[in-house]
Structures are given as structure tokens and as C-alpha cells.
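Below is a structure I'd like to ask you about.
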Amino acid sequence: MKQIGWNWLGVVPFFAFALLFLVLPTMNIVIGAFQNPQGEFTLRNLAGLSSPRIVDSFAISIKVSLATAILGCLIGFAMAAAVVMGGLPGWVKAPLMTFSGVASNFAGVPLAFAFIATLGRIGLVTMLLRQWFGINIYAMGFNLLSFWGLTLTYLFFQIPLMILIITPALEGLKREWREAAEVLGASTGQYWRMVALPILFPSLLGTFALLFANSFGAVATAYALTGSSLSIVPIMLFAQIRGDVLQDPHLGYAMAFGMIVVTGLANLAYVIMRSRAERWMR
Amino acid sequence: MSFLVLDHLRKSFGPTRVVDDFSLSVDKGEFISFLGPSGCGKTTVLRMVAGFEAPSDGRILIDGQDVTRLRPNQRQIGMVFQAYALFPNLTVAGNVGFGLRVAGVPRAARADRVAEMLALIGLPDLGGRYPWQLSGGQQQRVALARALAPSPRVLLLDEPLSALDAKIRLSLRNQIRDIQQQLGITTIFVTHDQEEALSISDRIVVMHRGIADQTGTPSDIYNHPATGFVAGFVGTLNRFSAEVVDPVAGHVRVEGADIALGRLLPPGRVTLAARPESLKVAPEGIPARITGVEFLGSVHRLRARAGGAELVLDRFNAPGEALPRPGDHVRISAAPAAWLVLPE
Amino acid sequence: MKRFWSWAAIAFGAIYFLLPLIGTIEFSLRMRRGEYSLDAYASVLADPNFRATFGYSVVMALLTILLGVLIVVPTAYWVRLRLPRLRPVIEFITLLPLVIPAIVVVFGYIRLYNTSSVLPLTGTATGTNILLLCGYAMLALPYMYRAVDTGLSTLDVRALTEAAQSLGAGWVGIIGRLILPNVLGAVMSGAFLSFAIVIGEFTMAALLNRPAFGPYMQLLGANRAYEPAALAVIAFGVTWGCMGLLQLISRLLGVRKTAT
């Protein structure tokens, strides 16, 4: 019994750190979301989330996250599939994977600068389109500081993340499955619909959830890109922490709590799907 | 007219020729084994029959129809793979019914056929399980049922037993043969295990470097190997270098001992060979020294050395009979008909 | 046909990923009217604030790595040696920073460690620096722990420990002189990832009001035209450098592993 007591001591620093700088701060926010300024229990803060401004910010945040997750999944899948099974020469894969590793970590303020320099009002692509083809994308209603601009920018780290995660899954599809389906009379379409996609489905859905959470919690890129002109949840929370723009600190906690719930649910989906995928791949 | 005809098949991958001028006619209901070491081209021939590889030259006919240019999904062939290759997302019943489902067979008819197939392989209650819940042997039986469910014209088995452990391998081997006989389905079985091929085939094709060295019944292949490779690959063989003394009367000399074979021989030197069970310790014959005695249950295996040759002799276990001991000097011989004569 | 679509997908991706990089480089050279120049870079490098904030973030990144190693290596080692049943719990905790948005955690810091709390870290500059450092170590936790745990899985921790103990080594000696050198490659790969994350981190530094590189970049972006592009190129270069070193380390390590 004494032995067990000693063993526990070895992990005390870790748990103390996690408690002080991860668990307690988060709990503090969660509890704050259910308290009024006098420290009494209340559900009024959560009810306050239903104000149009906050509902709008959640709606647009979820919209951006959905759009970047869906497009990131589709494009990343297409590129990974092209490399794994598209009959491309072998040298394509290594640079793509290396680049994906870098680009998936290239988020934040510099990414926003890169897109401003490229697709901003005097960015390279904007200028070239105007000079070469006479197309003025800003006159056509495009704006980098908008829903689509943000989506386009986020895709720069979402697509590589998808490629990094889905490539091993695609490589896990055995050649014999395809051949077995073929020899049993299945067309290529039937093979994909009845075998390959169902096998990949947990990985696809799981990665989708991960991309969603990844985009939902991102602050820096959006803030550097749009300032506070696009009121997505993290931007609004950022402004709230800085200057209490909601004029109710506890409403801010409720908003933060809402963020945890959304990303938590998305990650829960990821974990569940992941374990299913691993069971199949054995 | 033969049911399955492989007509002068060739296959090259770039400059390497993997299969060279391979011809074979298979009767309906026949069980043929392709036997050979890895890389001999046996799997490539099988994959050409299935349609996964296009022959560089030659034709494949099934039941009179030229299928050489047909895609695999148009050939009505059943195939079992070495690594089972069951679809992990489908249940056992879903796997077995897959071929019928893509063919558009109605659900009820499909269920009947699946039940029939599961009964055939002796797993009637496992329809609801997923592949990862089954043992290797069970998975391979399900793979067999899946291949057979759409009533294919030909069944192809690509080393189906290699991934299994010895005991299951033996029982599944017998089960495959039973089911094949019961259904009377034309079958090609690829293996590198000579015992497997000998035990279940109607005929065996021994392949070597892309060429069919010999095609024949198991006893043909074992008792009358056509080439030195076949003789050496199928079963254990003791070889002696022999000098032909009298080509017409069939006399040879090995290690100073005269042996009468009683058949016409080529002049010069030949290789004389005999199976372990054919060689006997005898009063007359090739001088040898016993180097070891192993007891294997049904047989005693004697190891001996004669000149430069290491020999193996199998002797049925007969209790009470005296055995030579290591170090004994003996003479070794075989019945004249048991000697194989191979070109030097 | 299939190959055509494959090339099309790769080409589409290449254009999408290369254009912003080319655009940024081009933009960063455009500061002098009518010709390309390195003026933007000169302007950035000459800015004392750039040097101060970049230096601050580099020091923070290095301290983060140090703190991360001090927390993760002994814990991962101890759990493998003595408390294997605790591994799922530890793993779960190390994944939490990926689930809880950093902005929420730092919000919690501000509330929990304000001037009227038991531990008023935000009251002094040093205190806030420590708080930010702990926050960064928390952000780096998932990457650091995964890397070190993978590294440890290639060792027979128990046998190594018993051998060292039989030679009279103490716990500090075992971890510092035996375990750490053996997982150095793994630690390095975790360290480079941590460095790449911390060097440009914005949210935490901005909300804790520290003079770090991330907020500096944001501020410059709001007030200048060409310098931000130059900064983006520099930041991208740093990220590439970290990832390149990471690949190099893992490759060198792979070579060593196959050689022995």
C-alpha cells in the first residue's frame, strides 16, 4: 500500500500543472457561465446567448467552420486520392506530405498577411486578374474580409491537415478488396459505394469533425484578416475579454462555454469515429 | 472440348518475361494445382485467368468463350485470396451475398443462397458476425463461400492456406476438396507446398521460371518427374552421380557398386535418384556410413553419407526390428524400377 | 483519363498553395515605387520593436520547450515504468488543449489569476510572463507528450532503469543521463513543433498584454502595407526551418536506428 502512495508522487507535478493551467481555468469559465455576478447559480447567462447578436456570431462561425471543413475534406481527399491511387509518379508524394506538414502549422497572423498580399485590394492575383483579363473581382462583389475570404484563407491549413490524416487511411485500402469486388462482378462505382467509402467513412467523418473544431477555435488568422468586421464567435469573445463589449462579464463566460460545447462535441465525434476506423483497419 | 483453355499465354513486365508460352486444357470439374517456388509465374497465370493482368500474348477460353479481353467483373469467376480479403465493413452474410447484390438478385433469394453457402462451409450461425470477430480459418471459409455464392464458372484459389497455421491448414484443405467435389466446380489452386498439391489435385502443373515443366497426375509427378527440377521440388530426393557401364543392358556404376536398372540408358554419365522411402539398407549396393537416426513416429529417418552425397532413408516403424546405429557402415540399394534416371 | 484527373487535382492544389506564397514574396518586394527592392525587409529589421518582440518570443519558445521537457519527460517515463494504468488518463489530459480553444483557457487565466485572487500572477510583468509561459507549455503539451511517448515506446524502460539502479544511479541521474539522451530525437521533434507554434502565437500573448511577436505582427498589419508581407515571409521561413529540422532529425534518427 505504501508503494502505491510513493508511485503517485511521480506524477504530481504533471497533474498540478494540468490542474492549474488547464483544468481549473476552464472549470472557472464553465462555472462562471452558470453564475450571476453575486455568485449564485443561474441559467440566465445561457439564456442570454439567444440574443440575436450572439446567435448570429455562432451561426456565422459554424457556417465558416462547416464550409472550410467540407471543402477541406473534399479537396484534401481529391489530392490524397490522386497521389495514392491516381497513377502519379512516386516522387509526388514526399514533397506533398512535407509541404502539408508545414502548411498545416502555418496558421495565424502571417497567413492572413499572405492572403492580403495575394487577394487583397492590391494583392498580386487581384492585380493580375485586372491587368491581364480585365476582371475586377472586388467590383464583382468579392471581399477578402468576408465569409468567403475567410473560408478561402482557412483552407490553406485545413486542406493540408486533411491530406496528412487521410493519406494513411487511403493507403490502408487493400488492393485485394478492390480485386475481390471486381471479380465478384462489381463495377468501379459499386466498389466505391459498397466497400471503399463505407470503410473510409469513419476516417472521413472523424477528420471532418477535427477540421471543424480546428476552424471554430481559430482566432489569430481571422482577427488579423478582418479586425473585428466579421463577428465570428472567437473574435467576439476576444473583444469581450479585452473590453467587455457585451457589458456583462458572465455572458462572456456563457459564450466561452458555448465554444467548449461545440468543439467538445466535434472532438467527441472524432474520437468515436477514430476508434471505429481503427477496429476495421486491423 | 475442354472447359477452360489457356492457349500459349505469355506475360512480360517490361523486359522481364514472367510467363512464357503457357498452355493448358482443363476439363469441367477438374481440380488443377499450379505448383512452384515463389516467382515462378504461377500467380501471374492465375491473375491473367481472373483478368487482373492482361496477357502479352495468347488466349483464355472459358466454356468456348474467349474472355481474354473481358474485364474481371464480366468473367463470372470466383477467387479466394491468400489474405482472405473479406470486406471489413460488411457482415459475414453481407460478404457472402456481395456478388449476388451487385448482380441485382432480390433480397429474399439472396438470403436463401447465403444461408445455403454458410451451411456448405459449416458456419451456419455466423452470418451476423463481422470479419474481425472471426479466426483466420473461419475468415478463409467465408471467403470461399463468397467466391462460390454467385455460382462462378471457374474457382481460383491463390495460396488460400498459406496464412493459416498447420492444423487448420490440413482440415481446410480437405474441406476445400470436399466442397469442390460436391459442386463439381472447375478449380485452379496455386500453392508452393508440394504436399498440398499432391493431396488434393486431379492434376498438377509444376512451374519453374515462367514455364510449365510438367503437367500430370500427382502420382505421375511424384513417381515419374520429367525434369530434374520437378524431381527435386516435389518430395525429397537422393541423388548420385553414376557412370553408365552398359547403355543397352542398363548397367551403371555408383561409388564402385554395380547397379542393374534393366532399361535403355544414354551413354556417359547420368544422375541416379531415389526417394527416401525407396532406398533400403541391403546386403549389396552403394557403400555408405550412417550419420544419424531420427524417430518421426510412423517412420525412422536414417541419415547417411555415401561419397560426397548426403542421403535420407525413410523406413516404416516396425517394432522389434533392428536399426543401424550412427557410425555403422552399410550398403544401400533400391528396387530397379524405383530408380529415377535424370540427365547429368 | 484517371491520370489526367489526378494531375488536375494536384495542379489545382499547387496553384492554390503556391499563389499566396508567390503573392506574399512579390508584395514584400513592392515597397519602393516602380521597382522591386528589399526595403520592406530593411524597414522591418531596423524596427527596434521587431527585434524586441522577436527576441521575446524566441526566449519564450525556448523556455516553453524547457518547461515542456521538465514536465513531460519524467511524467511519461514514470507512467510507463510504474503507473501504466494511468496512461489513458494522462493521454486524455494531454489531448485536451486540442479540444478547448486557447482563447477560453486564457480567459480562465485572466479570471483565475487576477490581482484580487490568491495567486495574483497578472499583477506583475514577471508574473504575467510566467503565466504566458505556462500557457504556451499547455499549448505544446499534446505535441510534446505524443513525441516523447513514441520515443519511449522504442525503449525497454524497465530494463534500462533496473540496469542503472544496479549501478547505483539515483532518479535524477536516471532521467537526466539515461532516459533523456535516449529520447532526445523525440524531444527535439516535439521541440521544433512547439517552437513553430509559440513563435507566432497571437491570442494568449495579446490577451495577456505581453510584447510578443504575434501581437506585434498584428499591430504592424493594421498600420502598414508592405512590412506585413515581409514579416509573413520571415515567419513562413521560420516555420519551414523548424519543419525542415524536424524532418532532418527524424531522418538522422531513422538512419541511426537501422544502423544499430
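Going by the order they are written in, the chains are A, B and C; count residues from 1 in each one.
One rule holds in what follows: contacts are C-beta pairs under 8 Å (C-beta built on N, C-alpha and C of every residue); 3 or more make two chains touch, one makes a residue touch a chain.
For each chain, UniProt lists the protein as follows: A = Acriflavin resistance protein; B = Putative spermidine/putrescine transport system ATP-binding protein; C = Putative spermidine/putrescine transport system permease protein.
The structure presented is a predicted model; accordingly, all values stated were derived computationally and were not measured.
Shown here, the protein chains touch in a chain-like sequence that does not close on itself. With centres computed as the average of Cα coordinates, no chain lies farther from chain C than B.
Each chain gets a centre from its C-alpha atoms; the one nearest the centre of all protein C-alpha atoms is A. In terms of their C-alpha centroids, the spacing between chain A and chain B amounts to 56 Å.
Averaging Cα coordinates per chain places chain A and chain C 19 Å apart.
Taking the mean of the C-alpha atoms as each chain's centre, chain B and chain C sit 59 Å apart.
Taken residue by residue, chain C touches two or more other chains at no position, since every residue touches fewer.
For chain A in complex with chain C, the residues that touch the partner chain are 7-8, 10-11, 13-14, 17-18, 20-29, 32, 75, 78-79, 81-83, 86-88, 92, 96, 98-99, 101-103, 105-106, 108-119, 123-125, 155-156, 159, 213, 216-217, 219-220, 223-224, 227, 234, 237-238, 241-242, 252-253, 256, 259-260, 263-264, 267. Residues of chain A touching chain B in their complex: 174, 176-177, 179-187, 190, 194-195, 198-199, 201, 279-282.
Within the complex formed with chain A, the residues of chain B that make contact are 50-52, 71-79, 81, 83, 85-90, 98-99, 101-103, 132, 143, 146-147, 150. Residues of chain C touching chain A in their complex: 2-3, 5-7, 9-10, 12-13, 16-17, 19-24, 26-28, 71-72, 74-75, 78-79, 82-83, 86, 90, 93, 96-112, 134-135, 137-138, 141, 193, 196-197, 200-203, 206-207, 214, 217-218, 221-222, 228-229, 231-232, 235-236, 239-240, 243, 246-247.
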